[in-house]
Amino acid sequence: MNKEKLLEVEKLNIKFLTSIGDVNVSENINFHLKRGEIFCIVGESGCGKSVVALSLTRLLPENAMINGSIKFEGVDIANLEDKEFAKIRGRKIATIFEQPMSCINPVMRIGNQIAETYRANFKCSKKEAKEQALKKLKEVKLPINRYNSYPHELSGGMQQRVMIAIALACNPQLLIADEPTTSLDVTVQYQILELLQEIKEKYNMAILMITHDMAVVHDMADTIGVMYAGNMMEIAARDAFFQQPLHPYAQELLNVVKDPCNYTIPGTVPNLMESFLGCPFEPRCNKSTEICKTKKPEDIVMGKRIVRCLNVVPN
Amino acid sequence: MNSKLKKLLCFGMAALMLVGSVGCSNVGASGKTNQTELKVAYGKDTNVISEKGNPDMLVAIFAGERLVEVVNGEVVPSIAESWEVKNDGSCISFKIKKGLKFSDGTDLTAKEVRLIFDRNIALKSFQWTEMDRVEKIEVPDDYTINFYYKDGMDGYIALAGFAEYGNTIIGSNSFQTPGDPTTPIVKYTSLGAWKISEYVKDQYTTFVPNENYKGDAVKLEKITVNTITDDEARVLAIQSGDVDVIVDYYHGGSAYTPRNLLSTLKEGGVQVLKQEMPMTTVLAFNYTNNDNWKNIKLRQVMNYAINKDEIAGLFDGWITPANDAYFSDCSPFTTSLGVQSYKYDPEKAKQLLAECGLTGFSPKMLVNSDNTDEVKMAELLKSMLLESGINLQLEVMDATKYADAKKGADWDVTSYYIGGPERRIYSRNEGRFDPSTPEFGASGCYTSETIVSAVQKAVDPFDVNERKAGFKEFYAAIDAEAACVPLYYNAVFVVAKDGVEGIKFIGTEPTFDNVTYKK
Amino acid sequence: MGKNFKIGVIMILFLAIIVFAGPLIAPYDPNDVNMSIRLQGVTSAHIMGTDQLGRDLFSRLVYATGTSVKISLVVVIVSMVIGFVFGSTAAFLGGAVDEFLMRIIDVFMAFPTKIFTIAIAGILGASAFNITLALIITSWAVYARMVRGCVLTAKEMPFIDAATALGANRFYTIIKHVLPSVFQPLSTFAFQRIAHTMMAIVGLSFIGLGVQPPTPELGAMISESKNFMSTAPHLFIFPGLLISYVVFSFNILDDSLRDYWDPRIKSELAL
Amino acid sequence: MIRYIFRRLLYLIPVLILTSFLAYMLVYLSPSSPAQIILQSRYSGDPTQEQINDFNQEYGFDQPILIQYASWLKNAVRGDLGKSLSDGSEVLDDFIYSFKASAELYFSSQLLALIIALPIGVYSAFKANSIFDRISRAYSLVGMSIPDFWLGMLLVYVFSIVLNLLPSFGYTSPQNIILPMLALGLSSSFSLIRLVRTSVLEVLHLNYIRTARSKGLSEGQIMMKHALRNALIPIVTVVGIHLTHFIGGAVAVETMFAWPGLGNFFAKAAGNQDIPVIQGFVLLSAVFFIFANLIIDIICKQLDPRIDYQNEGGKNNG
Amino acid sequence: MSCLIEAVNLTKVFKDKHFSVFNKKEITAVDNVSLTVNSSESVGIVGESGCGKSMLGKMLVGLTLPTKGSVCYNGREISKLTFNEMKKLRPRLQPIFQDADSTLNPKFTVKKLLEEPFVINKIPKDEANQRIDELLNYVNLGKEFYNRYPHEISGGQRQRLGLARALSLKPDFIVADEPAASLDSSVQAQILQLLNQMKSNNGLGLVYVSHNLRIVSMMTQRVNVMYLGSFVETGDTKDVFENPIHPYTKMLIGSVLTIDGEKRKLGTKKVFGEPPDPKNRATGCAFHPRCDQCTQICKEERPELKKVGEKNRFVACHNI
């Protein structure tokens, strides 16, 4: 057991059972995360990246079927009793979401929302909780006189800071950030990302970040995971990835982002309702071969990199 | 904010609970019915506190006495020990009994007697329809009171009028300003066997024995009269044991025990006490506005076409079908009459209708929706008349609209009752058949000179034999002219639980003076 | 669209047959009196028994349902039309006209509906026509306010701007874009109101302010049957069940439609 | 806040004036004149012209309409709404008396409805689509289709006639309130269950509930602190509006149980064309209704800090 | 020849919408802004949310009339045109909205939506159908979408449909308000390329409104940086991005994340503060509460746009 590895996800399969059929949103996903590391999952909308994040803390709706192992600090939390799991959620794994306005209770003072988190996880007096909350407010650079404000009295950036303060209330070891800066202005985004980095340094925690924005990935990630249609196509260290992505999808994506005025990926993102015989990217891939249509690609491990493509030859 | 909110919520909850608990604990004593208390359901508020007009009849029956009473067609003394007619019949002079006391202990003199008459004249209370004919009232001494009439008095009908409940004598302390009869009645004091101990408007009135009453003491300690305006609710009340007695009230045409429930009540082990009275429900024609009715054949058609037995059947036989004639067995002076009336004969009706040349005749009938029995009866009439080729149209409306519509020309028939307690049979018959009386509306029964002269002969003379002859002529005239369609003879009912004993009728009004209640 | 929708549609179709083909279904004339068989319970000749005049209860119920449902349809349609005219005028003209019309609507909405209806029906006198009139007077304002809101919302929709930018004039945008966006919520709302109006009518008839005899009407029939609760309970039970049937069929259809339009609370009700 | 209330009150003035005018004018809907209606019922014959003139003079009906209205309004502001034509009692006293009776019945029934509906609705939302939820939804949908007065009759049939347990009418003993309260409370609870379920369910789908879960709160804490608190806002609004509907809202049930409430009293007055009572009741109930709605709005603002006092214009609920 | 669009001193003031006797607040959404656009030129407007850039865009195509100032199209002032004249002009000026979803009437099918511009302008059916075919081909939408409703097609398709509608009447001038925001990068690229293609093929003038500076820098020749209703810096895109002068421009550009080069070092650039609230505008220079070079005069006096250097560069700052 590698002690370095805070989170280890193996063969994670997630299915949604709906009245019109099953939807596979995650197929055999493997990745791991160390303390002090920022792991970014990047992908276009509907590729299943948020579902993976939510599955880690059991926040998916009841019709989701989760299979596989999720080891946190060496414990398989995927198969824990709810009661046991409650000791981890919020306390050791915290989550922040996009659209902070809708994610904090609109009729509760923000200070109370932070303090409440602390009290829910550690038995303590109200006063202690309040002190902790004030400390966290300071940490996210909000003036402490905002303790008694209501969420609607704050701007979007401040609301996201409140979210972060709530997440930090119990000093978690893993922070899951699901699109934390989408819908924020560039200036605010910059500050929030900076704040996240600072916090990571301070607590030496791991951040699992979900985003669709390559620029954010470039700015934040230590390791990158590219998802497409429920598959983790490539996992690589940041520098290696930006120098030379290996998976055709990752290559195309990077090209488009670099030069949107001259470069496109033909076709559209597939609907997850369809099931794929072969590689889901095959219809749009310019390097596809016959075999791509019929055989599902498997993870190819190349040192620290993992690629899921039939045409990549392991070195 | 949080604490404020909590306070607010707590306050709200507390207020809710308070209101809830008030709702559950409000309005006084319930207690178990003991043997000396009787609970009575009555269809009207007793109106004990009255701005204008007077308290309800029920109060007058229980707690009040009048100058005279009418019993079996005879005027008998009550507060007045004697009377005489003076000045060629334009004055009636009453001698009042001595030593009577009101329920509050004050003495009765002629001055107190005149208060109620002054009140009725001043406030134009028309409960006694003759009151506007009185010119002045004099009190020559403490025990004499004289009434002077403008154009000479109306004979027997005027004398009987002093027995009207609106003329119940009340004490001077009854009024808001004691002694001023134009002020509201706020504290009813009177001379009867009972006195009022408690009154809540629209809820209940409690009667207790009047210790100043000179007659025989009553046997119960208390009577609570509950006001329950809904007919069905009163029936449910006695079925569920909330009251012991329902007192019928038919004067004014409403608030009575539905006739078609009496059988059900009786089957359920409740006593049904019936008192026949000289009151006839008739179908009247709007002849002043519709010339068709002036044809006697058409009036006869209606008489032949209606099967009165079926109407009685609608009420499970609790009332008597008017098969014989306009008058009932208990109407005054009827025993020796031999008037032959119209028997149910739809064929004859058809034939007569054809003779009138009125095929497809479809008269419009006004129906008062407040009287559910009347509505049912109208529906029955409609279906019966259809068999003789008359298509009756029903216009059902509430009491006020009904009264309003009746004034207009846009209707053909309606039903109402004539008669009532004995003293009223005089004024009612006169009012319905003599167009010169104030009570006569546009909608009287069909009348003619013969009928008018007959009704005057029947109600005016002091002499019993003259009146008897008059009534005979009057009944015959109505029958001959087919002035209306007599439908049924009404009755009053008292419904009482087992164990209530001693309810008697004086005339048509029940008295509880000797009632006992054993559970 | 779900099971409930199907149930609702079938129930409404059945109701429509009762309402519009009543005379064909009813085995007897509803006003046919037969005193010899009064207050009978359920028999083979009279499947729901007879009333106090020996009339066939089933036939009366068929006609009574027709009366109640037709009145509610008239009330809903007329007040919807009035509300539509008022509301859209206010919203389109705006400014002082809007202020003025809104104040009028406010005044009508300031009365507790039932008290207002009773007052009007009482003063005019109880009859089928007057009760219809009273209900229209008291309910048009709700529609007007709703239409105004819808029009104002629709007027602000970006697709109006888009059409304007393409050169559309006001008339075109109103006819093609604004009004169609109002009709759907309005008709949905009107649909909900049928059940509501139906309840109001039977309630008013129950207290004697609605349809008058001999016209059979459900509320009035229940009111009449109070007399016979202990002896002939079928007289109040059947009309009550029928009211519930009518209201339920509208409710379940409305409910399933609402579920259909609001996918978040999508679920099916098992019956 | 105070400024907001002040502004709302100011805004109400024209509404109140128009409302009172409409209430006064109701009488002129009638096909016959007040004098005729009243005199007709006072004396059993046709009133004479003299009587009509006297009457008009006494009640001021001979004045122009606007002057009549002005003097009526002037008296109304002083609390004098005139006297009932049928029994001469003060309209205001009658109103207060029946208001009290209505309030007792209605508040207790709504309390009952809340007690029934809150747990069922919340549990139903929490276990959405479970058997319990399906049953409770079917139950409330069926219940909503039952007229309250008919439910009352069923209760009377069972408890008064068959079982002979409870009184079926009246206002004299504490047991009297039970059946009408059950009838009203049950029928309000049906729609309330749906409302509670929908609002809680709506809140449960919101993102901050997910946040609360991710924070490590227990389901109970989430329900009490986050879901219920927010779901309460629409519930309070609707229950508040429901409560104001006790003016006349229970008329059929009140009539059914002979409960001396506003609806019962008013229906009778309307039937009798008792004009001062109709005018007075309509005006008083409208005034009460308007102010009650104002109070509900204020309470909702207390519950929901998001609502901005500055930018809200007048809003009425129907 | 004058330029295609010339806006002079545009100002837009809103009254507080709600009925109130006591407080009548005025919000100045756009404050004294001038702008010119030539054919085949694309001009960018950038700024944080709430700075009034969308309102400016609406005024440029005549969807909203300015409170003060004028917009001239080919020298004709559009606010002074009669309704009919304006109706003729409308097809020349087309907006493309950020939220394609709400600009398409949800009750219309794709076919009906495409036909609408021709119906409105009474263009014969044959011509219209031919044009629609061209357009579909152009925006790369197949006929299989004809009978679908807007909510049944994807976001990118909807945006392309919006584009097709805007292009259907062959406009000269297009205001694209965040046309690609909230789309995935691959879809975004398709839209941007379409826009560019339109500009170069048809020679039309384009105003590109966005808060995404990276895309603005790629799409436009000139750029206007907007802060709380006014321009704080204008100039050629290349110059502005390479050498920002106004502190706000510096901050904006500093906050742009790139995907080239090294990972940023924490605390290197000074980006702080929140987008301002138009209801509470600061006195003097609106930016001064967030500005690290703020002096006394900035708090008191509003800076005017001043020409800086040779090349069409204007900056509104006291400290240059």
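Going by the order they are written in, the chains are A, B, C, D and E; count residues from 1 in each one.
The rule is short, and it goes like this: a residue touches a chain if its C-beta (ideal position, glycine included) is under 8 Å from a C-beta of that chain, and two chains touch if they have at least 3 such contacts.
Quantities reported herein were computed from a predicted structural model and do not represent experimental measurements.
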item	value
Contact-graph separation of chain B and chain E, given in steps at minimum	2
Mutual neighbours - chains that touch chain A and chain B alike	D
Closest chain to the centre of mass proxy, which here is the mean CA position	D
Chain pair with more C-beta contacts, B-C versus A-E	A-E
Distance from the mean Cα position of chain D to that of chain B, given in whole angstrom	38
Computed distance of Cα centres, chain D from chain A, in Å	52
Approximate Å spacing (C-alpha centroids) for the pair chain C, chain D	21
For chain C, residues that touch 2 or more chains besides their own	125-126, 208, 226, 229-230
Interface hub residues of chain E, defined as touching at least two other chains	19
Contacts with two or more other chains, residues of chain D listed in rising order	31, 156, 161, 255, 271, 273, 303, 305, 314
Complex contact set, residues of chain A against chain E	44-45, 155-158, 185-191, 193-194, 197-198, 201, 212-219, 238, 242, 252-254, 256-265, 268-269
Contacting residues of chain E [partner chain A, same complex]	48-49, 154, 156, 184-190, 192-193, 196, 211-215, 218-219, 251-252, 254-260, 263-264, 266-267, 269, 271-275, 277
Residues of chain C defined as touching chain D within the complex	103-104, 106-107, 109-116, 118-126, 141-142, 145, 195, 199, 202-203, 206-209, 219, 222, 226, 229-230, 233, 236, 240, 243-248, 251-252, 255, 264-265, 267, 269-271
Of all residues in chain B, those that touch chain C in their complex	231-232, 235-236, 239, 258, 260-261, 264, 268, 310, 313-314, 367, 369-370, 372, 375-376, 378-380, 382-384, 394-398, 401
Partner chain D, residues of chain B touching it in the complex	1, 4-5, 8, 12, 16-17, 19-20, 22-28, 30, 45, 47, 50-52, 124, 126, 184, 201-204, 226, 228-230, 233, 236-237, 239-242, 370, 398-401, 403-404, 407, 438-442
